[in-house]
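After this come two complexes, each holding chain A, first together with chain B and then together with chain C.
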Partner chain A sequence: MNMRISAGELTERSLQIIRDLKHLEGPMLPILHAIQAEFGYVPEEVKPVIASELNLSRAEVHGVVTFYHEFRDHPAGRHVLKLCRAEACQSMGSDRIADRARQLLGIDFHQTTLDGSVTLEAVYCLGLCACAPAAMVDGEVYGRVDEHCLSEIVAGLSR
Partner chain B sequence: MTVTIYVPRDAAALALGAEKVANAITQEIAARGLDAKVVRNGSRGMFWLEPLVEVSTEHGRIAYGPVKAGDVKGLFDAGFVDGGQHALHLGPTEDIPFLRQQTRLTFSRCGVTDPLSLDDYRHHQGLKGLENAIAMSRAEIVAQVTDSGLRGRGGAGFPTGIKWKTVMDAEASQKYIVCNADEGDSATFADRMIMEGDPFVLIEGMIIACIATGATKGYVYTRSEYPHAIATMREAVEIARAAGILGPSVLGSAHAFDMEIRSGAGAYVCGEETSLLNSLEGKRGIVRAKPPLPALQGFLGRPTVVNNVISLASVPVIMDRGAAFYRDFGMGRSRGTIPIQIAGNVKYGGLYETAFGLSLGEIVDHIGGGTATGRPVKAVQVGGPLGAYFPRALFDTPFDYEAFAARDGLIGHAGITVFDDSADMLKQARFAMEFCAIESCGKCTPCRIGSTRGVETVDKILAGIEPEKNKALLADLCNTMKFGSLCALGGFTPYPVMSAMNHFPEDFSPAPMVEAAE
Partner chain C sequence: MSLVHELDYGTPASRSEAQVTLTIDGRAITVPEGTSIMRASMEAGIKVPKLCATDMVDAFGSCRLCLVEIEGRNGTPASCTTPVMPGMVVHTQTGRLKDIRKGVMELYISDHPLDCLTCAANGDCELQDMAGAVGLRDVRYGYEGDNHVKARNDGVINAKWMPKDESNPYFTYDPSKCIVCSRCVRACEEVQGTFALTIEGRGFESRVSPGAHEHFLDSECVSCGACVQACPTATLTEKSVIAIGQPEHSEVTTCAYCGVGCSFKAEMRGEELVRMVPWKDGQANRGHSCVKGRFAYGYATHKDRILNPMIRENISDPWREVTWEEAFSHVASEFRRIQYQYGRESIGGITSSRCTNEETFLVQKLIRAGFGNNNVDTCARVCHSPTGYGLGQAFGTSAGTQNFDSVEHTDVVIVIGANPTDGHPVFGSRLKKRLRQGAKLIVIDPRRIDLVRTPHVEADYHLPLQPGTNVAVLTALAHVIVTEGLFDEKFIRERCDWSEFEDWAGFVSENAHSPEATEKYTGVPADLVRGAARLYAKGGNGAIYYGLGVTEHSQGSTTVMAIANLAMVTGNLGRPGVGVNPLRGQNNVQGACDMGSFPHELPGYRHISDDATRDTFEKLWGVTLNNEPGLRIPNMLDAAVEGTFKGIYIQGEDILQSDPDTKHVSAGLAAMECVVVHDLFLNETANYAHVFLPGSTFLEKDGTFTNAERRINRVRKVMSPKNGYADWEVTQKLAQAMGLAWNYAHPSQIMDEIAVSTPSFALVSYDYLDKMGSVQWPCNEAHPVGSPIMHVDGFVRGKGKFIRTEYVATDERTGPRFPLLLTTGRILSQYNVGAQTRRTENVTWHAEDRLEIHPHDAEQRGIKEGDWIKLASRSGDTTLRALITDRVAPGVVYTTFHHPNTQANVITTDFSDWATNCPEYKVTAVQVSPSNGPTEWQSDYDELSRRSRRIAGKLEAAE
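Our next item is the complex of A and B:
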């Protein structure tokens, strides 16, 4: 979800999420996950709202958001293609698959295609190491990804 | 009688098309008007056969695999609901040698039962360990776990019973059980398989830990890369709560325990226990200096047991069958069984639970069947990205904590990645440093800066720039990281780097042409 919303609405929806979760012990990560699920990323404007609700400094919130690879500071493409780049996948030729993905999409890792359809990301292990190379597309998993399989995945995403 | 057809819901089976297979089977059952139902079980851990479909017959469960959606019609035509012959027919599941030769204690139900059926769980010895624990004193439970010889399966190998005793003896109004399910090591998937295939055993293990230590609240901290495991665990917790297994009175006893499933956010270092605790508290996943031990000042500064999934999931069988039963498996100070995960470029990849003590060569060549590509095995990395690369010359090393340490390696979380002879060990050494640089939490200098300097130094060796001098520099840097880093990320990154350099010197030879151009 990355439709345009007003600043007021952004704050209001964030407050709702934060107030639903702030009773948890260590509520920060659950809140950030919920914010990202709601907006597709963690908007800059939300950081002071979280800080104020959790009685933290804005710097502390910023520090947490930027520490974790998963949290985005801008929306991803409509689809996210994650390719595993860890050792077990390397042993089955994941570097070749990665090169092919870059070529097919015309982008590098951590980039989004110009039409906004696909974001390409590296991931270090999906736990599918006995059926490597592995990939994940919008939460759906793929094993033994070869060039043919990758082409099919990419073709499906561009549509 | 209704025939039960099992199609795994394990993420690896799904990655190989299990969902389509399950749908095709459901359609075929309806189209043919058969009296059959589909159960989505965990995986048996034989990934070259996934999706592995099983049918319950009067002769036991018969396996077929690997099944594609397109095979389903043919399977029904061949009468597979009665165990009929077909090209994919594998015979009784339990007779498949890879499975038959295992000693499945922790994974006894994984792939056998419906992961979210409590009836199934109870029917297969579930909750017996917990029932025994409820009848015992705290000290008796801790003594059982200590006597079993169980050591931390996350990689550190610290005796679980001693950790529990420290928390048991600590005075506090609130204590916690934290399950480290942040399984980030490449080649490992045992935690994922348990969470997806037998979630109740982890819940049971955590409840026993709570009774033993006096904790009342538990957290499972797992990875955002494991959405299927998170969903299954959350469902299982709800079911356990509704059944009175979790809540103010565990199975009607005086013990209260409840738990939550939390998700990380893509930081490898959060698998380190103190970093995990910071992350769970909502902070940056920065490593804490020890002492204080998490057992005394852990989550929110309170006494906390931090145990790996497999450690906790092994407790119920220990409490059910007794410490001696478990301790009788294994060798030396490595007691019980270990779920070895055979991965990477390997013919028969999967999860193999067995007593400690098999040699690395037996595991890779005999059980794993060599490489998937059919080329010679060049190296195997044992223990994930922080584990050493072993050459064939060290294949006699027995799978045991101390034996691996004696050869400058570690068994870690028991994952093995097999590489064929096309692997370039210099490239693997570079990746180890690069990975450390990407994932370093930044707290200590040897890890934060050493890893980046390590990548640069390997690049110089690759470019043929003063190779001998840079190899010596790399060794020196590794020494600094090993002894100067605060946690295992910086401290163990030297294992893959140094083992690659020491065992495969030919890959670290300078490129003569570049040197000539210097």
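Our next item is the complex of A and C:
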């Protein structure tokens, strides 16, 4: 996903995605998700393409993209580890898990390990409060995460 | 004198008819249903503290300062987003509310610089006002920690701080002062409709972003100033306010740019203009503005402005500065000499659509009463004379039928030959607002103007016709309406002449006028024409807005009649939301026409041959008037070349640059013995002048302008004329020098004379205008409050007249030598010949005229973006740089005419409208080829301009 592609190809692939989805009601978010799935992030150059296809201004697209932390302006590592830091998880010890994750990976939140294998992100509620503390690895959720479980996850990702 | 104060009601007015009564702080108040509690409170005289609310945009409810308590309801709802309910009991000030507000203000101030004394908004800051209103005395959070205020925190660079954006020439954006109320974002969206601003990020990260985190100048921003007006702090501030300080008094006046006629408050400090702020009570603009009216007034104090009268014997001599007395007596004696030598008809004059009604009236009076002939014409000759003729024929009045508010009731809009977002931006914004609410749009234009597709607006039909085929397309629309039975028979039977309709219906029904038959030469696919016709006929209230793309053709008058036919056949006249609306080019084109500027018409569109009308003026002026129409501008020039026309007084018009076939104009002027130019600057026409009388700007005189909706707006003097005299005084003194006993002490006396002599202005006076704000003529016994909508109960002429509109192709055709069609237009930041806007910072956006050319045509000729190209027609050639775009169709090229060194009118031909001589600017067959420098004409002309602008005793001004 993370390979360099030419500007022309970027526009072409984006246009394909946008045209497939623009008929939807409120098409901007599905389009942005699809763009991120395709390129691993939402490239700056795609914003004006989306704007012109949806007949919006560049500002509007920029406003939406930057509002959601989910959309990245540069590619992530090969894996993304998200730790929930919202109230329920905090009360169940997620701060300790977060510290441990930083320690194991040697990076802070919003950073990627030097080898490009893992990006660590904070999220605020995965809707899994009953199984707090919760985490998400490449879109798959984990409940009742303890230090042992975290170590296993991290070991699996770094391989 | 003091500042004109405007109340901010916080939320827009409700249009509901139903009334609701409620109690606010013990006071009973009745307001329309749907009004917010905030607005109702304001109407009861109670100011609820607020930051994110302003009545130019919808309520948003983000600042949490306007909270109120409502009996029987939980919590503290925001008064801006909560509508009134019958019997509601509201408290705007309680212990709980006081605590909440103070807490909210503490948070705001904890991330705001405390530099009030040196801040540009000092004295005009809502944040400051609110801190005072809620009694903020302390900020417990301190000013350390995370902030957007300081460039460095304890020596470490603060990533959240952003420097000022000063890229826009007229205002600055200082993110450190922003409270993220998003008023600017909403003003850009709701009022202007450009959507150039957004809030990027979220939470503490959020801030205002032009475009996608760009500088203002690089973003989609069109610099209309709505955001600056909306900003409650110093985040967005006019650079003039930063440089000068807060204004101390203001006057309401009228913009001197386009025909929208926006009302502005000229905010002053002494005689210095601090800023122009659109006036919310202005009925044409409703508190909105564009980059020209709001900011581009710097020409009034530009160094190029000439402040002393000047004379020279020959146009090859340098100018000699003289006293006003010398100038007047010189002109008077020259004009008298010429008339003695060559006859009474050998001199004439041109009135200006840029000057006031009063000034225009005086110039035509000077010519008719002083010169003793009718050789008076005006620049409307070259723009909207076909409107006057066509609408006069069809309806009986030479003016648009609606007010601008009418667009708020329109369901289907046809825009033909106009580019409102550039040429009439404030109307363009009002139109876009209506389109966003769901109105349908049909654009008939060879070029893909912005309205065809711009954020949140998309035309349902764009009919990209070949330039010059307007009549064929409009008749084809009529063909569909008639043959498919989409016409409004009831309206036609009641309002129009049925037998004329039958004749016309038979004519348009002919197969030759079907969309399928006309497609071959109009280039518009038949199904688009059919779809557009059905939409306009059956889509609800249909309104037609048109501009110079209709009139500036050899069939301009025919096209106007075809538009009138369409409106009549579908019953789209005589009520709000419909009508025929010419978008006038200049601030006072309508007024100049009303004031009798045409050689065949006395004020109020009454023919010069009409004995009763002439009698009125003869008695009033104590002279005998010639009953034969005089010469039109092109005829004056022809006569000059022939040697029978020798002297001319031109007020506020640059005919050399604005009139067609520049070489013919210059030959005519060069053949005259006394050319008197009365203008702000040594314009292009002044290159051929013998006498130059310095003019005054709209800021320096009293008077009235009449806009495109027939609205008579007051122009108020805010500073003394830098040249010594207002233009009306100059004309008066010239008349006195010629022996006329004129003695007007104030323009109001001129208006009184107009009112006495012209029935449609009977009730107009300065006192009445002060009382009403503005009125739309006719304003007389029958219409005491003016006439927003015309032809309500019947047409002025009696029955509406259907006129056959046979398409006759222009003689200007493409061929092997000139295969492309050139059409011309305007751009947002520049105005007309650019004499004013070129002398302002507006050149930042448009520093030169460019030729728009389709990529195919460009490639065939080996032309790349930005290349110098030669543009040649049968009349002449010029050079300019290319802009490659698919806005124009293959075979069509487009340019603007704002810059004199381009001289686009060297190219245009002398073909003109059959009825009114309005020149055919919009169609010229041309060839485009690569070039590497100015043409011979341009070099010669540059040299001539340089030589003819020398003033004895002064160093030549460096260009």
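Basically, the second predicted complex is superposed on the first by the 159 of 159 C-alpha atoms of A that agree within 3 Å, B and C clash if a C-alpha of one lies under 4 Å from a C-alpha of the other, contacts with A are read in each partner's own complex, and residues count from 1 in each chain.
Assume a residue touches a chain if its C-beta (ideal position, glycine included) is under 8 Å from a C-beta of that chain, and two chains touch if they have at least 3 such contacts.
Small disclaimer: the values here were computed from a predicted structure and weren't measured.
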{"item": "Which superposed partner A:67 touches (first chain B, second chain C, both, neither)", "value": "both"}
{"item": "Contacts of A:58 with chain B and chain C, given as first, second, both or neither", "value": "second"}
{"item": "Which superposed partner A:75 touches (first chain B, second chain C, both, neither)", "value": "neither"}
{"item": "First, second, both or neither for A:26, with chain B first and chain C second", "value": "first"}
{"item": "Which of chain B and chain C A:44 touches, first, second, both or neither", "value": "second"}
{"item": "Touch count on chain A, higher of chain B and chain C", "value": "B"}
{"item": "Interface residues of chain A shared between complexes with chain B and chain C", "value": "60, 63, 67, 69"}
{"item": "Touching residues (chain side chain B, partner chain A) in the complex", "value": "11-12, 14-16, 47-48, 50, 183-189, 191-192, 217, 224-228, 260, 262-268, 279-286, 299-300, 341-346, 349-351, 372, 381, 384-385, 415, 417-420, 423, 428, 431, 435, 438-439, 441"}
{"item": "Residue numbers on chain A that touch chain B, as the complex places them", "value": "24-30, 32-33, 54, 60, 63-64, 67-71, 86-92, 123-132, 134, 136, 139-144"}
{"item": "Interface residues, chain C side, partner chain A - complex", "value": "194-202, 209-214, 219-220, 453-458"}
{"item": "List of chain A residues in touch with chain C within their complex", "value": "44, 47-48, 51, 55-63, 66-67, 69"}
